[in-house]
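Take a look at the structure set out below.
The first chain written gets the first letter, and so on, giving A, B, C, D, E and F; residue counts start at 1 in each chain.
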Amino acid sequence: MAKKVVTLGEIMMRLNTSGNDRFSQARQLSVFYGGAEANVAVSLARWGLEAVHVTALPDNAIGEAAGRDLQQFGVSVEQVFYIPGRMGLYFMETGSMQRSSQIIYDRFNSAFSNFGGEEVDWDRVFEGADCFHWTGITPALSRKAADLTLKAIKAASAKGLLISGDINYRRNLWNFGVDPLEVMPELISYSNLIVAGATDLYNCLGIDEEDYEVACRMAMSKHAAIKFITNTERNHISATHNKLRGQLWDRENMMVSKTYDMPQIVDRVGGGDAYVAGLIYGLLHMRSDEAVEFATAAAVLKHSIPGDKNLASLEEVQDLVKGENVGRLLR
Amino acid sequence: MAKKVVTLGEIMMRLNTSGNDRFSQARQLSVFYGGAEANVAVSLARWGLEAVHVTALPDNAIGEAAGRDLQQFGVSVEQVFYIPGRMGLYFMETGSMQRSSQIIYDRFNSAFSNFGGEEVDWDRVFEGADCFHWTGITPALSRKAADLTLKAIKAASAKGLLISGDINYRRNLWNFGVDPLEVMPELISYSNLIVAGATDLYNCLGIDEEDYEVACRMAMSKHAAIKFITNTERNHISATHNKLRGQLWDRENMMVSKTYDMPQIVDRVGGGDAYVAGLIYGLLHMRSDEAVEFATAAAVLKHSIPGDKNLASLEEVQDLVKGENVGRLLR
Amino acid sequence: MAKKVVTLGEIMMRLNTSGNDRFSQARQLSVFYGGAEANVAVSLARWGLEAVHVTALPDNAIGEAAGRDLQQFGVSVEQVFYIPGRMGLYFMETGSMQRSSQIIYDRFNSAFSNFGGEEVDWDRVFEGADCFHWTGITPALSRKAADLTLKAIKAASAKGLLISGDINYRRNLWNFGVDPLEVMPELISYSNLIVAGATDLYNCLGIDEEDYEVACRMAMSKHAAIKFITNTERNHISATHNKLRGQLWDRENMMVSKTYDMPQIVDRVGGGDAYVAGLIYGLLHMRSDEAVEFATAAAVLKHSIPGDKNLASLEEVQDLVKGENVGRLLR
Amino acid sequence: MAKKVVTLGEIMMRLNTSGNDRFSQARQLSVFYGGAEANVAVSLARWGLEAVHVTALPDNAIGEAAGRDLQQFGVSVEQVFYIPGRMGLYFMETGSMQRSSQIIYDRFNSAFSNFGGEEVDWDRVFEGADCFHWTGITPALSRKAADLTLKAIKAASAKGLLISGDINYRRNLWNFGVDPLEVMPELISYSNLIVAGATDLYNCLGIDEEDYEVACRMAMSKHAAIKFITNTERNHISATHNKLRGQLWDRENMMVSKTYDMPQIVDRVGGGDAYVAGLIYGLLHMRSDEAVEFATAAAVLKHSIPGDKNLASLEEVQDLVKGENVGRLLR
Amino acid sequence: MAKKVVTLGEIMMRLNTSGNDRFSQARQLSVFYGGAEANVAVSLARWGLEAVHVTALPDNAIGEAAGRDLQQFGVSVEQVFYIPGRMGLYFMETGSMQRSSQIIYDRFNSAFSNFGGEEVDWDRVFEGADCFHWTGITPALSRKAADLTLKAIKAASAKGLLISGDINYRRNLWNFGVDPLEVMPELISYSNLIVAGATDLYNCLGIDEEDYEVACRMAMSKHAAIKFITNTERNHISATHNKLRGQLWDRENMMVSKTYDMPQIVDRVGGGDAYVAGLIYGLLHMRSDEAVEFATAAAVLKHSIPGDKNLASLEEVQDLVKGENVGRLLR
Amino acid sequence: MAKKVVTLGEIMMRLNTSGNDRFSQARQLSVFYGGAEANVAVSLARWGLEAVHVTALPDNAIGEAAGRDLQQFGVSVEQVFYIPGRMGLYFMETGSMQRSSQIIYDRFNSAFSNFGGEEVDWDRVFEGADCFHWTGITPALSRKAADLTLKAIKAASAKGLLISGDINYRRNLWNFGVDPLEVMPELISYSNLIVAGATDLYNCLGIDEEDYEVACRMAMSKHAAIKFITNTERNHISATHNKLRGQLWDRENMMVSKTYDMPQIVDRVGGGDAYVAGLIYGLLHMRSDEAVEFATAAAVLKHSIPGDKNLASLEEVQDLVKGENVGRLLR
């Protein structure tokens, strides 16, 4: 029977300029919907898991469109609440070569950030679930969102689920008057899989250590629940050429995946979410050293697909891990 | 020498679905920039006047794009201020036949609504000007915006400019906790040209009278500064078929334009602004009965042009008034 | 609690030229997915009912895309089977004025037409259902499809569901060597709502009578299960201008809806399916004279929406019935 | 055996704004190729005749593209000469309702206007031909082009072909320092079918008579070769709504076609050429009163098709003459 | 005088997703027409040869569009037969980096596969011809198509033409119940130029030998008619980065072309056909070692051009062979 | 206070095929406006300078569109004259890999080439100016344009401005019957900054010396006004992969910038103009060794932006010089 994963987080509308147009040249913007946690849910549903995403969307036609977008990938939308408020947005222009890609966020005061989540019956949502995934973006949005995250994590913990937290620290998100260090450590303390680089560990756990393995050890010694810390290492050669590898620390070993060369990136947004989805899938279905390879391959394939979601199938990820059919013309 | 007109108001980004797509079908949105007052400035600049638009835009690449869009039509952007904040937005889907067009506004808390306008030296801005144009949208946005409007109107009045105010009452705009009747009468009391239907006069001046001419007389007897009250009458046969005429009350006569049949509307947004621009142009350059014909012809041509702005030339409007070259293939 | 409706039928990929391009000019084709019965399911799901569509799709990426398209509108895809075979297709060019629209079908030998439906547990599918809807397209496709239709109808009849059959006779579909009169009368004999014009009644029931009301009486006297016969009357003024009204015979009265003028049709495909969905919704929720008005209004709104599906909301249909907000700019 | 028609004239590249965009809004221009005479050749080839078009195009990739465009419709390109020079161009924006469509020509000094035609072996070209078609646009371009036209007409006359001349007088074309009255009468004097309205007859034959039938009689009494004079009458209700009928004077009767209502014109460019092609086809294959109906129906269908060429099939034109399948959905 | 080449084979409609969209994201599909043999004919016509393509297309508007597409490139369509049936199709999504491109074929039971070719008068078709080209795709389609291929080959052989056969073995094509080894050896036995890799030689000639040169020798010793065996070697670094070189065995020498690096492939479909066209052109006009260079350069240029056809001119191919003007901005 | 720069030169409309389409595949052309000198003005205005462009455009809607395009970037259009005549055009197809990009010019006899410039009051234009920039394209167009250039240079020289001349020798431009060596030396003799490679120096100054530094010394010894000679060195690996560096000779030192790798060029048109703008900016604001780095970085960023204009901001250029934020995702 398929594993069940629950995710919580905001879905945004992404408005992207065409090709390599700059914002000032844009007469048309492409519409995508996505969110760090919903992207994970979509990957897992695509790979055959039962995925339930908990969120709030505006009760207007734009919100409905976002909900349908999620639903088409087979993610359950039973826990999507339509409430008054605005849609979180971000505008993006895609760079090339030396010119960076740019994102302008416009997500303040969105319906989700004002969502208290009283309507969610967590017990029922987590029934039969194997994993709960949250990210550090949600508690950064508002006090209400931080409280909601904690409530969900505690309920998941009580049910004994695998709890996955992608720290994803972004300085300019934390605007509601609280230091991440007041909020994040408690959330992390219940979590079993932590996605975090050294900077995240510093900003959200106060661990001031540049050596990643040492920092991981320190985080784990503080928080017994943490079983895995993971991260991707990205080498930015240019806006359209990166190298990527994943690493996973399991309290004993630092497992490092193959390094992939990505010289003609189509869309890097959601690459990290594809990695996390791959890791959750991997940890639920394979050995942890296999999981990190699976996760990295998933992340790489995401870079070849427009939009925020990883539409690569299970077979495609597995083939890439094995090095089969790579870059062929499949008939 | 060309007349000079100053306008004050917010510029928004409009995101429109393609063709007759519904929001849930949109994979691409067309980008337009516009605002009731800026649209008037663009028309007047297009027709050879000196036009200065006073506004605030976000200090990011989206705000810059909006500023450049205005600048390309020859409106002076010297009084455009780039400040922190978000861009006001609206999403639109264009209906057809019995299906209405729909707008979803997302303009709350925009850079402009938080703009106090302390940077504006009104004396310098109004130097050599002939006319100042404001609309009832600005005071509806926020206390700051209402105060700014009053300050501008008073300065214009002190300089003896023709002051034009488009009442444009929209119930769901007035969200900052004040009744329009506390704010609008004072603004109107300084104005010489008022664009208002009976509903506007009721909501913004408290005149409870359905007969438009009687209501106009009552408004004028209250406010000695008002010399003209004007309005368009629109018959909605369907989303793509309207009839339109203009009417202008000059304290003595109700002048009514020809009625135009518009059976295949391309874009009706900005039709009212095109009318107001036409009327301001008309009152500055011709007899008032000619002005209402000119204004209505301008409004009609706007309905054939995509976007918020009326890109019809002076000659095109004049030709339509005269009934020349209508619907031909000009080589 | 929401009513539940089950539909059975093929989903095709529609490839449409852009704007008014002819096939020979097409460098791009728009992709839509639809099918007479699935379109009904989408309408009903959009209006809050539980809708389950039973079909087979090719087990490739095109088939998956069709399944996701259905899923996004909230139709249950639990009974969508992915089997070897090809996708049924149709190509369409949209006419204008005197030039007709044209469809080229390429649906022969599709996965669905070879689907025996052995996998379907009809008892389980019909559990809690209120209505089953089929059309005369399915039995026309192949012997297997005809047998499947009969099996489904019998199971629905045994459960006491309202059975709706849209006769939809098309001469060039019946290619598998059987006369419709050998197949259709039995299918119709179990059905309670029949969508049929006089030609359909002649070809599928052998009723040779031009007077529609008389023909309806004859059909009903033959088949006691039939409670309603309905039809739309369409006046083709041009490819882009039609008039439409619905009529419903309930064994006693011929109820006729308002006639709607549609002078600028966006997309007429799926107009009939929108009508049927409206009638099913109506018969499940209102008086039959109200149902025919609701159904016709739904059909009219469909003509303003690109693609095969009626994306009009319940409120929009109800407003059109009441004549409210027609052709306005809703803010 | 199929009839053979030879045409002579310039092919231009047409650059059209999208939808109803004005020139200043255009970020994309649609590319079409066409010319008054080549459009006639395409229609006739589409309807099964052998069509040979004589022209010169620039010897670069743009010229080649124009040549291929012609070739795809089965017009023989054996007499297309690639020579140094520029492509004739025209820019077009498509109006709507009261706003006129506009064309900006940029055809001066094109390769064709400098083409002397020495390479053409007219005897060989006209071998087996039934008809030669020229228009008044060619002699207007340059002295060389005028001489070439005369040479071709004389050769056609010597072979006893039906000679068709579309006068098509446009004041701003005649720029090479000659009055049309010095050139056109001789060209007309050899022609058997003249397409001309009263204005054309005045400007190109000096016939100063407003009554069309009287003017036709006068033209014919001057030039014995003329057997038919024809014209379309177009009523411009708006840029997107015209009415059209054809009339043909055969020295004895004025035959007038049905009047067609065209309320949603897709593209009116080439409508006149479609009419001329229809008339040539008609005069070669049917009675003259049937020919004028065929020609008008062809012209009407052209108005529903994007681009300069009439892509309607013989059957479609015949159906429209008979009033069959008009505005239907053909499956 | 130009050489004349005859080709025989199916033309398919290709429906390609935009950019790097996956099938499930496609709202628009680009339309191309192509076929392995027709692509060769187009190349050769583009380079000045007389090319005649023999095929059957559906007798509907889609078939006509395919015929016109071929005709525009100057290929003779006199031997294109329009018969009842469906158009062969294939759907394609273009990969990037590690993600492969994918093709879904939908060509079963096409008009061409049911075409017996009785209408073709091979003697007349081959009159004056220098070369006949066929591929292993045609005999794989159906018994009728296999018989037609043999008939054509025998007629070409009787006339003493250079016969070129591109083996192009694809396992999933041979569905009509026959082993390739029952059909292909006879077809090959009449052919002079064979395009085949080691796998093709194994599957279609039963030569079980991995060393390519040895396998070539073995094939030639079996079939005296074979004068040349050729192949391209493609190194798949990724979906968008390949390396390519050609090799040609002439019974004595293995001639190998330069290896080209192709790091940003635009469209690889038709690359092999461009190579074959280059080789035929080469063998008819230059030394065989020059031919393999010409052919490889042609194949490389094809990879930079959207669609199935190689639109590179003779000069462009020759320049690339010489290394001139490579990657410049030519003004 | 901002520096002021005046530029003189033609603006052309560029019509570019989409993606990598060849001219013969183009159904849509993208519209850009640009010109070597106007591109420099746009860069400088974007970076905060006051920029005035002197030119003539056709007095039609296309000319107006070109003027507005310039105006949107804040370049003063007070010295843009609208006169009768045609717009200069160029058509472009963008190559890929080994296939070169191609430009077809169609600029002969444009409005600008016939512009005598009598309307320009150079004294007033140069008031307060710091720099005047011209290129060798203008004198190549016509005698009138050559005279106008000289007049402007002399006036600038009299005012003591920094005069910058981009030699930009193109053989096929000089069509009006004069050798560049009769015209260019005088123009150069007044200039202080010369953009020229060895070929330019040979063709326009008669300096026959391949060693660039020696040639620079010779040019300077002839013309005392020249203080700087500069150039970019471009290595064409393919149409989409170049390497670029700048070099600047200041009578004493040859300063050479970093070499940039550009493996995925978006649009190389205007790269040289971006370099010149960077150098002018640099020489007005920084040391000359810094200027050449700034200029080269500006040129590199231009290659990532569609169209002729460099839309990179001052900060983006400065960041690239410092190697900061290169190819990142900026949030």
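Things worth noting here:
Convention: a residue touches a chain if its C-beta (ideal position, glycine included) is under 8 Å from a C-beta of that chain, and two chains touch if they have at least 3 such contacts.
Note that the coordinates shown come from a computational prediction; the quantities given were computed from them, not determined experimentally.
Comparing each option in E-F, A-F or B-F with D-E by residue number, the pair that reproduces over half of the contacts is B-F.
Counting the residue numbers used at the interface between subunit A and subunit B, over half appear in both copies, so the two copies meet with largely the same residues.
Overlaying the C-alpha trace of subunit B on that of subunit C calls for a turn of 120°, given as a multiple of 5. Here D-F and C-D are compared, and the pair linked by more C-beta contacts is C-D. Subunit C and subunit E have CA centres that are 44 Å apart. Spacing of subunit A relative to subunit C, judged by their CA centroids, is 41 angstrom. The distance from the centre of subunit B to the centre of subunit E, each centre being the mean of the chain's C-alpha atoms, comes to 62 Å.
Within subunit F, contacts with two or more other chains are made by residues 22, 24, 27, 68, 102, 263-264.
Residues 68-69, 71-74, 77 of subunit E are the ones touching subunit D in the complex. The touching residues of subunit B, counted against subunit D in their complex, run 260, 262-266, 300-301, 303-307, 311-312, 316, 320, 325-331. Residues of subunit A touching subunit F in their complex: 19-22, 24-25, 95-103, 105, 170, 172, 236-241, 263-264, 268-269. Contact residues of subunit B toward subunit A in the complex are 15, 22-24, 26-31, 60-62, 64-65, 68, 86-87, 89, 91, 93, 102, 104, 106, 108-109.
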